[in-house]
Amino acid sequence: MPDNILTIDNLYVEDTSTAILAGVSLCVRKGERVALVGESGCGKTMTLRTLLHMLPEDVRIRSGSILFKGTDVLSLKGRKRRDLLYRQLGFAGQNTSENLHPLLKVGRQLTDFYREIRKCSRAEALERAEKLLVSLSLDDTSRILSSYPGELSGGMRQRVSIAIALMNETGFLIADEPTSALDAAVRVQIEDLYLKIAQETHMAMLLVSHDLSFVRKLADRVYVMYAGKIVEEGLAGEIFSSPCHPYTKALIALSDIRNKSRDEDLDELGGYVPRDGRDDPRCAFLSRCASSCAECTKPLEYRKLSRTHYVRCVL
Amino acid sequence: MRKRFSFSLIAGIVLTGLIVLLSLISVFYTPYDGEAMDLMNRFSLPSAEHLLGTDHFGRDILSRVMDACRRALSGGLLSVTLGSLLGIMLGLAASLSGRKTRELLMRFTDALAAFPTILMALMLAAALGRGLLPSVAAICIYMIPSFSRLTLSMADEARSRLYIKAAVSYNVPARRLILFHLLPPLLSRLLTQLTSSIGSAVLLESSLSFLGLGIQPPSSSLGMMLSEARNYILTHPYQAVPSGVVLMIMLLGFNLLGDGINNMFGDRHA
Amino acid sequence: MLLVSIITFIALSVIPGNAALIALGTEASAASLDAVSSDLGLDQSFSSRLFSYYKGLLSLDFGTSSYFGQDVWTLILQRLPLTVSLALLSLLAAFILSMLLGCAAAIYRESFIDAFSRIIVQLSASLPSFWLSLLLLLFASRVLGFSQAGSYVSMSESIPLFLKSISLAVIVLAVGESGPLLRIVRISMIGAMEEDWFTACQVKGLSKRKAVFSYALRSALSAPVSLMGLQLAKLLGGTAIVESIFALPGLGRLFLTAVEMRDLNLVQGIVIFVSFAVVMMNLLTDLLLRVVINPLSASEDRK
């Protein structure tokens, strides 16, 4: 599949005591917008961190491979990783206040890597940054460029993060929880911004999010993740119109709460994502599942529903 | 990554153990009288008769080093114990008292701490006279600020914890509060500080006696022995070796021990 | 912060009020005590003495040294350049060493360099400065063949010779100062490299070298700089031992002489001078940190 930008195959990641990811496989094709959804703690961010080599100290990769534009990035080190991986994607981090250096001006953080890669002058890089910020509907760009991250609002910082990811025009954007930790008004702005980027650039995106209403607007294809496994994947239309896995159904129902009136009956999802036993081939969702049956305790297959729609459930 | 018994801890225990042993033995036995002169036998190098040789008065260096070790150790322990007790009390008092007293106490310790160590020790030693006890007093005063600051910051931190707040709300009497609620969690950090403080106390004491302000002749002290050796450094360089090495082992031992204890209690970064 | 410094200064200045005792020592007989007291005007009341002393201070009049028979202020000024250059040079050396080694140790953690830097830290804390001085003195005379003691050349005579004559003392002081400095550089570099933005700036595609030297170093700088401020202040009064071993006529040695000779005015003058310098150094460091290193802390304080 030469048009795959990113292929993650059967990735197992564990820390000292237990498995965190138990066989994650996903792919992103050229120009495709893919979303990875699931609750906090299900392994979404850990998948990204594995890809970007940002794993915490005691976490290691047991098996699996990640191919990025044809190269196995897990084996890359130092300069090669930088040239083959980091310089060919844009990453907008989750927590902008911790991903930006507090003591360096925004302008510098937005341009230093660009200058290093393009070998261009400071003025050129700043000009590009300014244009980019304008296109991200920020005005007063010169003030933003010469201020410190702490002096900007959360929404502004989020935009700066996006700008950092877009500076290089890599054609592939990775965003970790782009809309979380923002208040409602800003969230809408940022959502619109992503839609605008998607329309204008047609760049491939990998979005990690638990915000399904946002995913529904933006993504072409969706992966649903639970307890370190992909439990369902499919085109956005398939997932949202005919979800198969009970977990997907529950997530969609919960995300619709906002659009419904409060007194409607809700399928609340009790309990938490289990931490242990993630490499057990049986259903990890069983303990929280509303529609379990006798079949459910057997090891699970990844079933094909259609050419694009797969599910890890007997139903 | 962190081992409970790190290399520093073991090395520290071994080195300090060696020093303590040497000092203990010196209470009962030294090969010679450390103050007896033997002018026929000056500047001798180590031999079967004098294991570490003799000094410019023909005194046995091993015996003198052993005596000096004992003095340095007891001086260090004494001054650190007194200094830490005073410091801890001051810190606790500041932590428990009202705003004004607290400010006053802390300004006082700030002033003490801001001042160059040696200068302060010199001044105190000069004011209090020469000898072991005045230098102990000087070092003790020097120790107070670091302990009171540490205690204050840690007691403040502990006070903000819920279980202390709960105890306060049950009307636990102040004395009980200090002894049973505030102090125990602080002990591990204080122990670390205590150990490394002994090292700096020993260093300070030997600096003072090197300058002639500490222990007075004919008693021996490591600093004084080095100061005497300095006069003969070009003609009899060996003179500076035994006391210097022992002093270094002593400091190294206490520093490593402090580091090791620090690691053991899982404090950040070695 | 300014308030703290002022209070510190006042608190410190009260100490020399007791200096009468210092000057006389405990062994002084009652008769000589009386004599010296009236000599120094000590028979006047404490407060009037203090008042006149402080009045003198305002016009830089520290009184006259009873041992040297000279103006205390002149004596201090005479000795100051040497001590200042000792302190600055040794701190500079310690800074360079700590920065290089500390960064290297943080980048190549758990490596040979890291282990080496830890050894340096331990040694620096455990080598008594006077012993190291003796060893260096021996080494210099035996191996390098230049004798140190008594060959001090002042700055105005010849700068190269001056540097040569203080070189050993600078080394000794630098070794002593580099330990804590190295330790703090290493710890804050490691801390910075564990921050999210450090990984994030590499994910941007920035080279490791730039990430370390412009990002990590930037945030790791403030702790070593504030420590250096303290160290410089301490060195101003803390060079006494080294100065006396290498026979360098600096401020520390002057103080030693003053203490030995029970020269009240001189002791008092130096104490006040040094404490003032300490306060000024703290202020300067603070200013440097606020303006250059961490321009944000000022606005954070306001919040």
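Chains: A, B and C, in written order; residue numbering restarts at 1 for each.
Operating definition for what follows: contacts are C-beta pairs under 8 Å (C-beta built on N, C-alpha and C of every residue); 3 or more make two chains touch, one makes a residue touch a chain.
What you see is a predicted model, and the numbers here were worked out from it, not measured in a lab.
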Those chains which touch chain C and also touch chain B: none
Pair of chains joined by the greatest number of C-beta pairs in contact: B-C
Chain occupying the middle, per Cα centroid: C
Rounded Å distance between chain B and chain C, as computed from the means of their C-alpha atoms: 22
Centre-to-centre distance between chain C and chain A (centres being mean Cα positions), rounded to whole Å: 53
Inter-centroid spacing, chain B versus chain A (mean Cα positions, whole Å): 56
Footprint of chain C on chain B - complex, ascending: 107-108, 110-111, 114-119, 122-123, 125-129, 199, 203, 206-207, 210-213, 223, 226-227, 229-230, 233-234, 237, 240, 244, 247-248, 251-252, 255-256, 259, 269-270
Residue ranges of chain A in contact with chain C within the complex: 52, 54, 78-79, 82, 86-87, 91, 93, 95, 98-104, 109, 112-113, 116-117, 148, 150-151, 164, 167-168
Parts of chain C lying in touch with chain A, wherever the complex brings them together: 195-197, 199-208, 210, 214-215, 218-219, 293-296, 299-300
Partner chain B, residues of chain C touching it in the complex: 4, 7-8, 11-12, 15, 18, 21-22, 25-27, 118, 122-123, 125-131, 134-135, 137-138, 141-142, 147, 187, 190-191, 233-238, 240-241, 244-245, 252, 255-256, 259-260, 262, 267, 270-271, 274-275, 278-279, 282
